[in-house]
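Chain nomenclature is as follows: A, B, C and D, assigned in order of appearance, with residue numbering initiated at 1 for each chain independently.
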Amino acid sequence: MTFLKRYEELCAIKQEFAARDWFPGTSGNLAIRTNSSPTEFLVTASGKDKRQDTPDDFVHVDATGQLIGDEQNGRPSAETLLHVEVFNRTTAGCSLHVHTVDNNVISELYGDRGEIRFSGQEIIKALGRWEEDAEVIVPIITNHADIPTLAADFAKHIRTESGAVLIRNHGITVWASTAFEAKKQLEAFEFLFSYTLKLQACRQAIY
Amino acid sequence: MTFLKRYEELCAIKQEFAARDWFPGTSGNLAIRTNSSPTEFLVTASGKDKRQDTPDDFVHVDATGQLIGDEQNGRPSAETLLHVEVFNRTTAGCSLHVHTVDNNVISELYGDRGEIRFSGQEIIKALGRWEEDAEVIVPIITNHADIPTLAADFAKHIRTESGAVLIRNHGITVWASTAFEAKKQLEAFEFLFSYTLKLQACRQAIY
Amino acid sequence: MTFLKRYEELCAIKQEFAARDWFPGTSGNLAIRTNSSPTEFLVTASGKDKRQDTPDDFVHVDATGQLIGDEQNGRPSAETLLHVEVFNRTTAGCSLHVHTVDNNVISELYGDRGEIRFSGQEIIKALGRWEEDAEVIVPIITNHADIPTLAADFAKHIRTESGAVLIRNHGITVWASTAFEAKKQLEAFEFLFSYTLKLQACRQAIY
Amino acid sequence: MTFLKRYEELCAIKQEFAARDWFPGTSGNLAIRTNSSPTEFLVTASGKDKRQDTPDDFVHVDATGQLIGDEQNGRPSAETLLHVEVFNRTTAGCSLHVHTVDNNVISELYGDRGEIRFSGQEIIKALGRWEEDAEVIVPIITNHADIPTLAADFAKHIRTESGAVLIRNHGITVWASTAFEAKKQLEAFEFLFSYTLKLQACRQAIY
């Protein structure tokens, strides 16, 4: 029953993000833990149009990202290794990767600094930080076409039970305890990115 | 029957705003008066994804924001105290708080001035001002993580039976006589914010 | 049967524009001719949320904008006089007025010039102009809170069987032979406005 | 059965693009190959509102773009000749032309250079290029009101089995092996255009 519940949670997130057009060109991938010991998780299958719903949208994989059993259609997302790092290094239940215009532009504008910082924003509370002077830092790492190289670099930034990493011109990965928490945090990050870009586009005109 | 009608009005607003993606990261909260003497109102429950519809989306509270009776699931929104101030200081029937990219950017760009002013816009009529030279002023107050402190500051700006206050980097609260009026006024304010930002982003390029 | 067909065409446009959020704060109004001699037309009722569908969304009026018969609920839109001018001065079958962020920003940026001109755009063909060097001019008039004054000024710019006028910070009115044509032309104008604004916001950054 | 499958694929793309508002003012046209030898394809009928679904949305044409048989309602899109060039010069199964604000602005900003180049973007993988240093070039050609002239110029840039050409202020045409591939590539190009424009609008403000 846990497996089914997790499956349904992941379906719901996929449909909601598809409605927001957050999977351009079949980009993006989503993962949810279905078992803790040993680690098992569901991940979006490779190369599908996530605006469509089919019985083969997700595959069930083990702690190394390999298919469990030999009856599954489809291959795991090419970027499954990043989710493997999340589930092996934390107790997170859900890991979401999306590729939006705004998170890509932020990753490019701030990429040379290696990070972007946020503070003084009410929405930071959605990231579990309730102090008035809370500062949130999102690392921005170099993109590598070679996924094992990318995953190794990404893994260095998995330091907390929930968190986020931007990959330059390749989107954001957010992980948290549950599907609900991961989605909430991803929405908060996308809000912060859109806010920052609009502020920059409009600020100079006023003063 | 009044209670049920108010409940349905608040459900409809929640669904419409959710469709506009006006509740990022579970932000935003909505309240509608169900009784005047003593003051009672419905308010969104804390920490829920308002894109989902459940039986526990709203809680029924008294004039101090406390749950009425002991059979309700859920807690009132953490920001219920702001709606308490609205309902205790005015005859308003509805109070809406949303957190959008545009109202946050406006609150930051104009925050140091403590207000933003609008005039010469046809949409000001939606705010109940029909004079050709009508000017609308929206105060912008400092955000405080401590809600009682925020509510006390907010309360100072509740001077009319319908109105609006921006909280810096924390969204807008709009109150008016009915759900219909409050929603109409909120739409007009969001229009004015979006208009202002786009004008600023494009103006310099033309002259 | 003609009446019913026209009614259904206007309902469809109202629903489509509502889905695009083109009626902020109950703004906007739509009209369709139901009879030519004498002139009769349907027009959106005043003060309604056009995202809702009700039996009283439209009223049936005569060539002066007065209700036909005494059994109708609702009042004609406050701006019915502008549609009166269209139907009395042309053979147009449909007249649409919408208030969008982009048409308002254009009306302000180009308002002092009294017009905006477009050329070299493929979408101009949707306005019925197929020549390669076609130029389209949209007049921009001053807004007046007094509707008869506004209608008289507006009427001076109704010089062709299909056309458009921008009212400064008050939206666009487009008229054409049929509902299909009027909607097509309105879409083309909104495209041209959005294109122009985005070009201006991005142009300086590149050179 | 192949014919029916192709027909359904084209319907699905039309509905999805309509939901994104990618057919302003009846612009845009879509084509899918139904037979290879001799070449036959389905193409959107001329002058229709592609947000509506009717039995006459597409027509079946031959390798010269002429209607097959004499029982079809409707005329082929005025720009069918461009799809003719695609299907006669490649083995592509699908050819899509859309007119968006962003692809028009890009075509104008980069039009004098005759092309736009992209590199260092993860989404380039959706275009079938997996090398880390892959560069994608989209030619930008002059628009001509005369379609045979435009088609002849367009044809010069059909050099690969899948590809894209921007027509200045007239949109993009993308062709690829299947409907799935063509849609994926079009989404990737539109992402790259939107990314580029937002980067340009925001970049200067930060440094």
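Here, a contact is a pair of C-beta atoms (placed from the backbone, for glycine too) under 8 Å apart; a residue touches a chain by one contact, two chains touch by 3 or more.
Quick caveat, the model's predicted, so the values are computed rather than measured.
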Find the chain most remote from subunit D, comparing centres computed as mean CA coordinates. B
For the two copies subunit A and subunit D, what is the rotation angle that overlays their Cα atoms, in steps of 5 degrees? 90
Interface residue identity across copies subunit A, subunit B - same or different by half: different
In whole angstrom, the CA-centroid distance of subunit A from subunit B equals 31
Can you work out the whole-Å distance between the CA centroids of subunit A and subunit C? 43
Residue list for subunit A, restricted to those that touch at least two other chains: 201, 203-204
Pick one for the touching-chains graph, please: line, ring, star, complete, other. ring
Taking all chains into account, which pairs touch? A-B, A-D, B-C, C-D
Quick one: which bits of subunit A touch subunit B in the complex? Just the residue numbers, please. 16, 20, 120-123, 126, 130-132, 180, 183-185, 187-188, 190-191, 194-195, 198-199, 201-206
Subunit B-touching residues of subunit C, taken from the complex the two chains share: 21, 24-27, 49, 51, 99, 101-102, 104-105, 108-109, 143-146, 167, 169-171, 197, 200-201, 203-204
